[in-house]
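See below for the structure under consideration.
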Amino acid sequence: MDKKLLFGRIKRSKFFIVGGIGVFFIIILAFTSPLFVSFDGTTSSLMERFTPPEGFSKGLAGHILGTDQLGRDILTRILLGARISLSIAIICVALSAFIGTVLGLIAGYFGGAVDKIIMRTCDVFLSIPSLILAIAIMAVLGTSIINLITVMVISRWVQYARLMRNQVMVIRNKEFVLASKAFGASHWHIMFKQIFVNITTPLIILLSQQIGQMILMESSLSFLNMGIQPPLPSWGSMIANGRSYIASYPWVVVAPGIALMLTVLSFNFLGDGLRDILDPKQK
Amino acid sequence: MKKTFTFIALLMFCMALFAGGSNEQSSDIPASVSLSDKSEVTVAVTQNLVSLDVGTTPSGASLAVFDMIYDYLVDSDHNGNLMPQLATSWEVSEDNLTWTFHLREGVKFHNGEDFTSDDVVFTFERMQENPSKYPLYSANNFSLIVSVDAIDDYTVTFTTSEPFGALLTSLSGMAIIPADTVRELGDAFFTEGYCYGTGPWKFEEWIDGQYISFTRNDEYWAGQTSNVDRLVMRFITESSSIVAGLISGTIDATGRVPSDMLSQFDGHPEIILDTVDTSQILIIGLQCGDYSPFHDENVRKAFSYAIDRQLLCDAIMGGGKASNSIMSEGTLGYDANVKMPYDPELAKQLLSESDYNGEPITLYVNTAVVQGEEIMLAVCDMVNSVGFNCNIQMVEQAYINEVRVSGDYDAYVVTASFTGGDPYGYLNQRVLSDSHHHNYADPEINDYITLSNRETDQTQRNEYLKSAVGLMSEHCAPQIALFCYEYNTAIRDGVEGIEYSPEGLYYFDDVYIDK
Amino acid sequence: MEHALIEIKDLKVEFKTERATAYALNGVNLEIKKGESLGLVGEAGAGKTTTALSILNLLAKPAAHIMGGDVLYKGTSVFSMSEKKLRDIRGKEISMIFQNPLTSLNPVFTVGEQIAMVLRTHKNLGKKEAFQEAGKLLETVGIASYRLSDYPHQFSGGMRQRVGIAASLACNPELLIADEPTTALDVTIQAQILELMKDLQDKYSTSLLMITHNLGIISELCQKVAVMYAGRIIEYGTVKEVFKYPAHPYTKGLLGAIPRLDVDSDHLEVIPGNIANVHHLPSGCKFHPRCAFCKKECEQEEPAMNRINDNHYVACYINEGGL
Amino acid sequence: MGKYILRRLGATIVVLFFATLITFILIRLAPGNPALMMLADSATPEEIAAMEAYLGLDKPVIVQYLIYIAGIFKGDFGTSIMYQRPCIDIILSRLPATALLTFAGCTVGLLVAIPLGVLAGVKQGSMVDLSAMTFALLGQSMATVWLAVLLVLIFSVHLGWLPALGYGTFKHLILPAITIGFPLASQTTRLARSGMVDVLKEDYITSTYAKGISRRQVYTKYAFKNAMLPVITIVGLQIAGYLGGAVVTEQVFSWPGLGALMVSAIGNRDYPLVQSTLLVVAVMVSLVNLIVDIINCLVDRRMTLN
């Protein structure tokens, strides 16, 4: 894929541009928020409960998006939550991608019994809906960030394994693979240097789409009190806990909901844009 | 387009058919009910009913349901006073071991079977034979009852292994079932929807997870004055849905509206809001073993004095009474002049004197506690401001049971309530017999509790309990209390007769519509 | 003067993709008279299929651009026709057989359906009659009619091509365009297909546009032949005339490349270089870089088509004056 | 076809076996003892021991598992600790709710997604395509909780058109179905679009046009059937996910389905109920996958049932 063609496509893919800007903006905002934020998002101040959003009337010092049921500033919590939700999502995606890819590669490359075992395990994990699997595991391990990550990885590695396995199956009998085997290259070399390099595109596309799904899964887990534990804020728990006040104090749940939506939307846009750019079939 | 689409529809349809086989009549509940046209009331219950068997684990839902269908030997007005119901009068022998009950005559079950002493004996013995199958047996301490004997058709005696001061209260939880019918049908009597009682309402239908409905029993022996034909109890856990249901008309009454949602009823005059003081109390159990910071009394006192209980009530709960001890008003052992001060300075000073220097303390908060996360986060901020290093972890009831029995906790947070205003059960289980778990054994307190167990005269029991509770507040051990809940009720104008017990449970057997 | 069935006048077509622009047709002039069968010969990428598709105005919309010229069917321009008019012609008056039988049949519909749909659309037959008619058509192309309800993947390449042919003859069209019908088939099947087309031609006297790079097929089936190179017709005439006295060096090269039984030469004439690159066409006569007789003006000017005799035209400076 | 189904059933049984094994082990590792859950706080150690014996929890874990598996073959899924009734009765009373919700959700999703996706595929690059894709991305970016709560706020509390909760009449079904349908619709729209785009490039489409078939007929019939192949497979997988996974939706709308049952069963450590609910869900998932495969083969005959 020569550079000129790549940039040509990037310029033309609206999704990629919008998504890229969105993701860049969100990451910058999330990781630089401590500098300009004027409240500590975790300690409660019961006197200021449910203060409606003051916008910029008091400049940056005021509660721009109002306060929640414990008087904590919502904007601060959204920014703090952004950092937590994003880092967890990225870690989970990386881990599940790593496990899934390795297993997928092995299954696809060696085939036969190994492939059967790995694929059957995938079927087993697929037959148990991921949320229920997560609840059962969380009940066992208890709720902490490490367990949250373990649960999300356990229920998501299957997608990568299946994708990688199918891709490897396609490439395995291609001439250049057989040729390198003829030259006596080691299995690992072939698997990672030869095969893996050629199937990074579908992996990248799946990766970009999975980040959004991870954030959504965390929000569902928080709804069941299994996500990120207080006092650390996460968008999911903010929505879950604020949902009963939606009629009387809507900003408590609407603000994090929109933040979450915009972030996941940007990642999805980025993912789609990447798919259009890297998609080999694109004439 | 047509052909392919039918394939997709076919796939969906056959799946629903496959699953829909066993339960067709799912679409007959009235979507929304207005009081004027049909005298029918729908109430929302926040707890899901799991079993219709009278021996099942007592829960908010089961107590309300049994109160409708069945009667008890002794009825409680849910405020600590006991009155005759199926038993017209009773007396106890000098050695306080044998209670004799004289039964009401001419009472019939819903299927026409006569009520006799045989029903009372059978109701008890059924649970006695297989106590594990009927959790009510251990919940109401029936193990203290040695035997139940029918002297004649309308007299029955209960013999206890030791003087049992709270026998009447525990009998007020034992619903009497028709012996002959149940002998014949066995468990099917409950699972197949017979459930004949002698109560003011007849059981109509129960769909797990959805609703249970009753029809009025016009032949009720004590007279049935209600003009409601049918009462539907719907199981809804989601409070925002209950509020939406009230506003949209599908629900007529509910007992627990979080105070922050009350403002949604502005502009809805047809919904009457009210508050009910309950004895349901929010309790923090402290681990007083030497491996936990709370073994030092100063640390416990610092922790308790650093909490501004009144602010919690006013700001978060919008109501409720800050509590000075683990007893709430209206329960035996409550002593108004026990003091539990809010004094952060004293707390800071006490803490600095103690050998606590910032080890992290985890409070396990039961997810079932109403607004538990918010309350305890506020409490954490309060105690942390005086020098503690606390955080919370939301856990399920199962986790709390496990942790309490194993003793491996710093503190756990639960709500507790005293059935019939009598703390007998709580004090014995959580304070007396639990001491090897929370590792706090003050001989003085334990003596007062055992004395109160033996005493059958209520006023004397009250004195003993007061001194026990006073000591517990003074030493802030083994539990401290935060406040008693005040529940907001929301009832459609015209629906009357819903009773509320101090434990925060509600009973609908006297419901009627005031047109 | 009565219009020929098909007149292609100076047709220029370009395909714009994000990479670059492909100059597929650079001024094609061609004519097909009623009942006449014309062979269109040229290497791959010369623009043969594009020419065929433009007759039916079926060029892929976003990428294809008609830069100039026109295609007339019975005098009216195909590009200006309404969608409805075009639909009436396609499959009824002009029908087409595609090159690759494996991909030109809809995999998820029965063979019968793919023939019957033409009948239903143009002869508005009911579902049942259409299927019966389709059965007869299958018989004519040598497939048992009970195989109507089979799916394309249950047929061999040759059989699928027969289905394509059956579908194209459903409404006995005036013009049948065959875009390299036998290229994807092996020789024995090729012979059967050609045999079949020959009898059909006699039976239905449809005019035929046979597109192929196989000169043998042309000599068997066609009266006229047009040689195409880099999007232009460089030689046109009767088969006998052109094959006997090829005028354009490229046509000579093509004919020279066929192994001949009657001549025992141990080498085949090879045309040096490779096909003109559609993205960067050479100036002047597109063949000049590979032409042994290349002259100066060949490099600048595109030679016009000039007449050698009534049955032979060539666009080449070398042979301007005829043989 | 028969041999294939037998082999598939064999594979499914193996999968189900492992699924139950995993849940059996998982739930037993969870802290909390079901016996304690059943007894009120006042239980004495002897009562706890008696309860454990009654529930069969005192036997070694292996024996418990064998009893459970033996039970399944006899069709006895064990009695629920919480409900004190055979698990299968409870599950079957809740199954129609989840099945109905999933079915409604999928129908809503497909009715929106397929036409929209086809339209976007046909008018590739146009405004319709762009807005359809944005709709699709939007659907996949909303937290289910948030979507559900917003729907209740708008349609039930403010507009009062639809009931906010409960189960029974058609009106109860609309909001939960939209909550499930919307994300499903967005994924299916994208699939339908890319399916359509790919198919329209195929030779057989050009040959169909060459036969004088109208554009509308090509889009709605000849191209459509091919474009739907990837959609059917993916939707099949998604339905499987929704069968057990509509937990959040069922919670917000108080919908008496399997999801809510599962959460409360795990919460109360009701071992038999958790295992049997999961087994039923796994069976449903495998069944749906089988049905999808068969439908796939019916639609696309090239798919030999390997």
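Letters are used for the chains, namely A, B, C and D, taken in the order the chains are written, and counting of residues starts over at 1 for each.
The definition used in the following text is that a residue touches a chain if its C-beta (ideal position, glycine included) is under 8 Å from a C-beta of that chain, and two chains touch if they have at least 3 such contacts.
Quick caveat, the model's predicted, so the values are computed rather than measured.
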Contact distance in steps, from chain B to chain C: 2
Chain occupying the middle, per Cα centroid: D
Centroid-based (C-alpha) most distant chain relative to chain C: B
Two chains sharing the most contacts, counting C-beta pairs only: B-D
Whole-Å gap separating chain B and chain D, where each centre is the average of the chain's CA atoms: 36
Centroid spacing, where centroids are CA-atom means, of chain A and chain B in whole angstrom: 43
For chain C paired with chain D, centre-to-centre distance based on mean C-alpha positions, whole Å: 53
Separation of chain A from chain D, taking each centre as the mean of its C-alpha atoms, in whole Å: 22
Multi-partner residues of chain C (at least 2 other chains): none
Sites on chain A at which at least two other chains make contact: 139, 142, 243, 246-247
Residue list for chain D, restricted to those that touch at least two other chains: 30-32, 149, 152, 157, 225, 251-252, 267, 269, 299
Touch relationships between chains, expressed as pairs: A-B, A-C, A-D, B-D, C-D
Residue ranges of chain B touching chain A (in the complex, touch as defined): 239-240, 243-244, 258, 260-261, 263-264, 311-312, 315-316, 367, 373-374, 377-378, 380-381, 384, 391-396, 399
Sites on chain D touched by chain A in the complex: 11, 14-16, 18-19, 22-23, 26-27, 29-32, 130, 133, 137-138, 140-146, 149-150, 152-153, 157, 198, 237, 240-245, 247-248, 251-252, 259, 262-263, 266-267, 269, 274, 278, 281-282, 285-286
Touch list for chain B against partner chain D, complex: 1, 3-5, 7-16, 18-20, 22-23, 26-29, 31-32, 48, 50-51, 53, 56-58, 130-133, 135, 138-139, 141, 143, 191, 207-210, 234-238, 240-245, 247-248, 250, 264, 367, 396-399, 401-403, 405, 425-426, 428-430, 433
Chain C residues within the chain A interface of the complex: 17-19, 63
Chain A - residues contacting chain D, complex: 14-15, 120-121, 123-124, 126-132, 135-137, 139-140, 142, 212-213, 216, 219-220, 223-224, 235-236, 239-240, 243, 246-247, 250, 253-254, 257, 260-262, 264-265, 268-269, 272, 281
